[in-house]
């Protein structure tokens, strides 16, 4: 029962299992399907080339494959026009690109609004932008379940708001954020909206135009793809507001020594040789994911998550952070340090994450020094959770 | 004669050959050794994890392998202390990191000095920095051979010079730049020195402390490694002058909502999930390169290059750009457009690059709209050049 | 979507016939060059920065006029083979309306001529950029 | 470079003996916890931000004094197993000179105790950061 029909598509799961290891840290990075390994080997075996530069056959093949991924990702996100997708190193770089590229729009006294649960990657670029420009960073508080508190947001999003940046799915609390209510509040004030989809993209398909944000960022490595690749989606009108940020290579239209003109998005924002094999690999992963039965995946993930939350709920002295809805759950145990728990879980071959999960301010505001996070991939089985619970009980017993 | 003993280590060479393709565009990006393909497959097959974050076994393995590459690269460059190496997406990102990270040191009226032959990646970041700060960008002219003109450099590098940024090996002219003379001129003025080693790193081992620059940048993909990975070396004292640039993830020491402190180099400059498999792959490539006989490689490359230059010299109406010393040669032919030549070479399965090679200002200053570049890897054979020359002659005949 | 050849302009029909009969890369290249020579020349004034199509490795200029809703383009390039590519593209698009320009399947057209590879996603050939410029012009006017 | 055990401080010899006899992860973990409990306590004042070792996921404090060229460190942590790791590290480094601290092969020490994995390059365990802090202290003083 609760066995993943896709587990064998991910060769690492069997290798880890043979070593007595159970992987429950997919929110940090996911294991990779054989389709990715094949795509990388295939690309490098049949001839690498730089993209967008040369006209020779090898370069043509590489460029077509690279641009093919842009089309596939656009289709995945229901984005009309792949030129609205910029490849980046990951979600973090995409957010930094935004914070620098939109800097010229932020004036002293303007407000940038983020939620209290943001990952550092969606907090620090805005915090530092606010510091550079003398703007104010406004923090939207959470309700007890761990979602942005809408009445407070209605008060805090105002005519001063220049930009709202918020997560789709919390990497600590596992809560979906109320974007359908939040984004219109910002739009009504003429503010730009940025959605951090680093976690959300992994669970269910999302229709970006329907979501109605100006920008959306994601990382390939959480979506079963390679690291070093991510993407920034921008509505065409929003992209037009971005100033160029990194310079070099093929992002230039015309250059002389003292002056240069740059290309529009997407290429104008992809300075230097991009992660070609990685992008092609992400394309192969999207192809693979398209072969899966979306509903079956969603049901499997929901069942695993329910089992996880129910099991945690049964342990005495254990406190969930927020009310997790998907993908993961974080918890703390009375009188037990999360570092000790992580240590003893590691000794038992259970891979979970402990600490502040790149969300120190959130931890502080929850009054915690850290927590343990258990996170799920579509390849996890119910049995992985049984191993985890047994290891948890043993660890708690030892620490009692 | 002139056959590369390492050719069979690069599986793409045989695949391309079977398709009637000859790869002579290694200065754009190199083909990859089997060792890289194995490392990537091996890593993803045996379990991926994020680095520097979790304590579980899979993460430990990944972090050790990732940091192992930093050590290997430090050894490769004779850098004492791997913490003087920051991983980036590539040379371009490294140069942008410098141009933003050092921005605070540049004042109106200061001068930033680059050479006339810089790749856009080592021109535009400085040009844009100069524009942002009201500084002057000073261009060092070249001598006829295609090296920075030293008497002119002595005049142009002055007390106003805040920074000198120059290539080690030109990606268009194939000329080694006189760094041993140039760098001390800048140092004597208290200016920082940046060397663009994107091409130089591929040909011969370089001892960075002996070179005496403050910063050195490189890209993995030209050194037979994966794309999406590069490195910035900085002398410890020079690194200490860099301001933090991209924010997020594990680069932070302590964060609250309104303020944050950042880690020093290298981790403080590696925001977000890095290209983990890519970095591990680069390590495997360095391991592979270490197994080669350095002298034999140098001799093979020199012999190939001599054959290339001699062969080009025999074609009537063909003009070499500069006097190439290593790795590549660029040329133009009287009355023939480089685009036409490239077209007909492509039709004959010869992969060379045509155009401005990301150095438009250099091309303009040479009075050319573009050129054909033939560039070599250690896997090329003399026979590749024979094919190229035959194709060139046929193309020139058709275009006559 | 492949169109009935007889519905094509005469020049396009000629291109189909000639390129269809071409035996190999060498013949196709020679054909391209001869088509390129037949391009209506541009004046010096027309070879302006404004008419330069960005995103091509070699310089390409394009001018176009809307005559009663039908577009007529002329163009040139420094490179001979590019002029040829331009010529066979112009042969196909001549007299199209802005809407037809938007929906034209250029990849299919080049495929029919055995020139698929020339329609590169990179800036090397630039035919994509030329097409984009045509479409933009068509759209501006509406 | 492995040192002759008899040249080690008594506490370090005890650690070698006890951890050497430990049968599995569970026993080692229990041993670590009991070693952690024997750490000399820090005062509240010593648990200051200044003495906090950065680069550990769990908070670790470290104080050290130079007595006639020999360093004595004391430390603590919020986490029990970290206290244990700290205790076995402190046992090994007690009374070393600054130079000896620089050259100490800590990886080897943890390996001898069967605790190799705990000397993580990431910030999870933090023992590397602790060692770095010790070395920095030693160097400052010279």
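When the chains are written out, they are named A, B, C and D in that same order, and each has its own residue count from 1.
One rule holds in what follows: a contact is a pair of C-beta atoms (placed from the backbone, for glycine too) under 8 Å apart; a residue touches a chain by one contact, two chains touch by 3 or more.
Keep in mind that this is a model prediction, so the values were computed, not measured.
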item	value
Both-way neighbours, i.e. chains that touch chain D and touch chain A	B
Chain at maximum distance from chain A, centres defined as averaged CA atoms	C
Distance between the centres, which are taken as Cα means, of chain B and chain A, whole angstrom	31
Distance between chain centroids, defined by C-alpha means - chain B, chain D (Å)	43
CA centroid of chain B to CA centroid of chain C, Å	37
Residues of chain D whose C-beta touches two or more other chains	57, 117, 124
Touching two or more other chains - residues of chain A	53-55, 57, 59, 250, 254, 342-343, 346, 354-355
Residues of chain A touching chain C in the complex	51-55, 57, 59-60, 63-64, 67, 250, 253-254, 263
List of chain C residues in touch with chain B within their complex	25-26, 29-30, 33, 57-59, 77-82, 117, 124
Residue numbers on chain A that touch chain B, as the complex places them	11-12, 15-16, 19, 21, 23, 25, 28-32, 36-37, 40-41, 44-50, 53-59, 89-93, 95-96, 99, 116, 119-125, 127-128, 137, 139, 219, 221, 226-229, 245-250, 252, 254-260, 271-278, 342-343, 345-346, 349-355, 358, 360-361, 364
Of chain D, residues touching chain B in the complex	54-55, 57, 117, 120-125
Interface residues, chain A side, partner chain D - complex	337-340, 342-344, 346-348, 354-356, 369-370, 398-399
